[in-house]
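Listed next: structures, encoded as structure tokens.
Both complexes below contain subunit A, partnered by subunit B and then by subunit C.
Let's turn to the complex of A and B:
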């Protein structure tokens, strides 16, 4: 009896040890490129060219970040990225919640039809060319609005919010109605404030999506430098990297002063620094993101 | 609920038609729906009519309606090239590889995380592996470049250490059918892991308690309890992915190979082909034919997948 318990324990311990080691390896593979990039971004540019930077900087320097932010282009792109993210998140939340509320009202006869109209957009798309021609005909090319308007309502978020509103007691809206409140007032004063927990989740989804998007800048706004976003600036740097490897003059692609570039920073360091700048906001909200994501995932899978 | 209905019914309503009656009782609700509804109509449904340009000899001056019809000419051109076969093969091939790899790896890692003794470590590993999911494709393309570039991690450190020849990855198409699945897994596997972990957490612990009493070890418990419980979730996820087999993640196929022409034969998919045709050649005819081909086949596949999902689990159906 005692022997068998002991044997199971040893087997279980080996099993656990194997699992832990396996996961540790996986974690290292996942994180290494990112940690390496952080190290390079804080390392002296000329020193990086010698190679051998792995987990931490050898010659610590803030020069790369200075070079990135001293130029107007990246600073402006950072501002545009923040502006589009904030605006898209606020407007998205308002319109999606309003729609979700109407679709949660059981006496509203068209809710099934309208839900399908929105859910279909998750699975069918006319494709890039008709969309491109649409944006062109709407005169949204090289226009800041193209970052915000086309994505105002996302079907997945709609379902998440609607499912949440359904869990709120009906009596709240009913008693307000008896007191003479209209539907819009019920929404603004009762439902909207009660939705805050789920709205935090959706706001994070929208904000991350907006911050990370590059395709709209690339396709619709590449004609106007002042509308460039951080992701697009990084993309341009990368595209030039494959053409002219290791040419310090390339730092000019972000408008870094040639003199500064030759002395202190190199394209490799600049790229690393912008990569980190472009992903830092994500890292800052990541702990919340992860927690809310799991909640949203389980709620969003129920369509009707 | 019944309370509210009686309130509504007491209102004097003179309209005969059901729609107008509904409109008058729920005026505010209609007004609240209107802005998003118009937006989604313009943004998603209007372009669907625009798909007719696949059958036209489109030019910008005449626009959608006045451009002359060209019948199936655009499709003839498209399917005569060897591109059509290549991009279809790549799109389906990569998607199949992603579906299989994602399923196997996500379920395996979810099982391992669930079995870890230390819940703190499990949480930590999950957080680390989920992180790349939230990074943009541009950032991921840079991270890949920092490993594969001529002076990246592989050529500067790994190859010399293991006595291997340096490789110029960005001019060698034969490696990319392996690189792209690895990058895709690296970025997206966290999503699947979280999904399956949520599924595992939902299993009633009584099953395991009973199994322990019967003397089942961990592996036996996983085989007899956990995996059977996850099967419906696996099937639904896989069917939905199969429905999207004609679409690919534009960021992965456009950003990660860095638009290197030499890599086109093994990295070009429908989405990148359509985009490149639009931008570089300006040939709207052939690219819109490719777009139409993708949309129609994609539509049929989603319908089939949805039908299949309905057979397994009614609540997971899309519509």
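Let's turn to the complex of A and C:
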């Protein structure tokens, strides 16, 4: 008896050891490229070309970040990225929750119809070209509004929030109704404040989606440099890197003036610096919202 | 992680049979109507109105004219697509990369979820989870940039490690050889999403009745028996639902990664239907052909979804619709 327990323990210990090592390896594989990018972004540009930068900078320098921020284009793109993300998130959250509230009212006569109309949109998409033609016909080309307007309410988020509102006690709205409050007031004063836990997650998803997108800039706003976003600037750098390897002209793609490009910074360093600027805001936020993710995701596998 | 059960409630809900649309109810519910109808119009405009654009696939579209003044050509665009060697190749690439991604992402996420579940130290588990979610929040532009750096022949970490381990003698041009492209995309996809994909499995695992494990233990089951016969069985419905949803998306999953990582040397392997639509539809101004390719994709996706759902129903598994 004692012998068998001991054997199981050894097997268990071996498994635990393997599992721990595996997890540490996973952490290294996940974090290494990111840490390496940070190191390169803080390393002197010319020194980076010699190679051999791994976990920390060899010749510490803030030149790359300076180059990124003194050039108007990247700074402007950063501002546009922030503006579109904030605006999209605020409007999205408010509108989606308001609609979700109406769809959570069992007595609402159009509830089912509106729900079906929205849920259908999760299963089909008109496609790139019909959408492109629509945006063109609405005169949203090269217009800041194209970053916000086409994605104000998404069916998936709508279902997530509606499902959450359903878990709140009905008596809250009922008693307010008896006291004479209208639906808009009930929504604003009672339901909306109570939805904060689920809204934190949905806001993160919306913000990440908006902050990370480059395709809408590419497709709809590439005609106006002042509407460019951070991700799109990075995409242009990446594209020029795939075309020509290590060409100093690449730095000009983001408007770093020729003198700076020749002497101090290189395309690789600039790319690293922009990558860090473009990813830091989200990486600072997501760990704090981690425990809510599962609520948002589990609704994704709801059966219809 | 909260103990939540996979919801299988009805999204649409059974409506109250007594509920009738009458003038009185409309007046009574005017606030709800004011709060929801603007969004109904909104979604009709942005998601349904573009469907009119599908008509262009049956025309020879020129931008100068209105949609009803175009020349009608019937199924000519579709015939052209399926006799076009380039389109067939892009269809092949799309399906191949989707299947590779689907298999890799399911297998890796399930294995990682099972292993995470075996970690006993909660702080360690949480830390690993947080780290593993990180790449999900990076945009594909950033991930493509990272992949390019790691796979570079001049000091890229992948080549360096492989050379240090004497697996290869000279750096491999990972991104310039068409044969490697599908694998690179698959690996990049796993790197980006594996941690994130475990969330839903871990939630399903947390919902398994602990009494099952205790009972199995009394019957002499060891750790691997429990993993295989209880945990894996417990998350089977979740796996099925996610699988059906992924199959319905099989022609959808090929744009960003491929577009950002492709280069002139691998076009025969990298280009997908979406890239075709972009290049020939918008790039060359051939809207009709691009739309036809888009329609083919949408319809094929819906058929695949219904087929997967039907098969799951036949074999008595959890299903989506």
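Throughout what follows, the second predicted complex is superposed on the first by the 296 of 304 C-alpha atoms of A that agree within 3 Å, B and C clash if a C-alpha of one lies under 4 Å from a C-alpha of the other, contacts with A are read in each partner's own complex, and residues count from 1 in each chain.
Definition applied: a residue touches a chain if its C-beta (ideal position, glycine included) is under 8 Å from a C-beta of that chain, and two chains touch if they have at least 3 such contacts.
Small disclaimer: the values here were computed from a predicted structure and weren't measured.
Undergrad: Label the relationship between subunit B and subunit C on subunit A in the superposed model as either fit or clash.
TA: Superposition result for subunit B and subunit C: clash.
Undergrad: Given the touch rule stated above, what does A:60 touch, subunit B (first), subunit C (second), both, or neither?
TA: neither
Undergrad: For A:69, decide between first (touching subunit B), second (touching subunit C), both and neither.
TA: It touches nothing on subunit B or subunit C.
Undergrad: Taking the superposition as given, does A:34 touch the first partner, subunit B, the second, subunit C, both, or neither?
TA: Touch status of A:34: both partners.
Undergrad: Is A:163 touching anything from subunit B or subunit C once the two structures are fitted on A? First, second, both or neither.
TA: second
Undergrad: Looking at the overlay, what does A:79 touch: subunit B (first), subunit C (second), both, or neither?
TA: neither
Undergrad: Mind working out whether A:278 is in touch with subunit B, subunit C, both or neither, as first, second, both or neither?
TA: Touch partners of A:278: subunit B and subunit C.
Undergrad: Going by the contact rule set out at the top, does A:177 touch subunit B (first), subunit C (second), both, or neither?
TA: first
Undergrad: Once chain A of both complexes is superposed, is A:131 in touch with subunit B (first), subunit C (second), both, or neither?
TA: A:131 contacts both subunit B and subunit C.
Undergrad: Both subunit B and subunit C touch subunit A; at which residues?
TA: On subunit A, the overlap between the subunit B and subunit C contacts is residues 8, 11-12, 15-16, 19-20, 22-23, 26-27, 29-31, 33-34, 36-37, 51-52, 54, 95, 98-99, 101-102, 105-110, 114, 116-119, 121, 123-134, 150, 152-153, 182-184, 187, 208, 211-215, 231, 234-235, 238-239, 241-242, 268, 271, 275, 278-279, 282-283, 286-287, 290, 293-294, 297-298, 301-304.
Undergrad: Which part of subunit B faces subunit A closely enough to touch in the complex?
TA: Listed in rising order, the residues of subunit B that touch subunit A are 1, 3-5, 7-8, 22, 26, 28-29, 31-33, 35-37, 39-40, 42-44, 46-51, 53, 63-64, 109, 112-113, 115-118, 121, 124-125, 127-132, 134-139, 141-147, 149-151, 153, 156-157, 170, 186, 194-195, 198, 217-219, 243-244, 250-251, 255, 258-260, 271, 274-275, 278, 284, 287-288, 291-292, 294-295, 298-299, 302, 315-319.
Undergrad: Enumerate the contact residues on subunit C facing subunit A in the complex.
TA: Interface residues on the subunit C side: 1-2, 4, 6-13, 15-16, 19-21, 25-26, 29, 31-37, 39-40, 42-44, 46-54, 56, 112, 115-116, 118-120, 124, 127-135, 137-142, 144-146, 148-150, 154-155, 157, 175, 191, 195, 199-200, 202-203, 222-223, 238, 241-242, 245, 248, 255-256, 260, 262-264, 274, 277-278, 281-282, 287, 290-291, 294-295, 297-298, 302, 305, 318-321.
Undergrad: Could you pull out which subunit A residues touch subunit B in their complex?
TA: Where subunit A meets subunit B, its residues are 8, 11-12, 15-16, 19-20, 22-24, 26-27, 29-31, 33-34, 36-37, 40, 49, 51-52, 54, 95-96, 98-99, 101-102, 105-110, 114, 116-134, 137-138, 149-150, 152-153, 170, 173-174, 177-178, 182-184, 187, 208, 211-215, 231-232, 234-235, 238-239, 241-242, 245-246, 268, 271-272, 275, 278-279, 282-283, 286-287, 289-290, 293-294, 297-298, 301-304.
Undergrad: So in the complex, which bits of subunit A are touching subunit C?
TA: The touching residues are 8, 11-12, 15-16, 19-20, 22-23, 26-27, 29-34, 36-37, 51-52, 54, 95, 98-99, 101-103, 105-112, 114-119, 121, 123-134, 150, 152-153, 159, 163, 182-184, 187, 208, 211-215, 219, 231, 234-235, 237-239, 241-243, 268, 271, 275, 278-279, 282-283, 286-287, 290-291, 293-295, 297-304.
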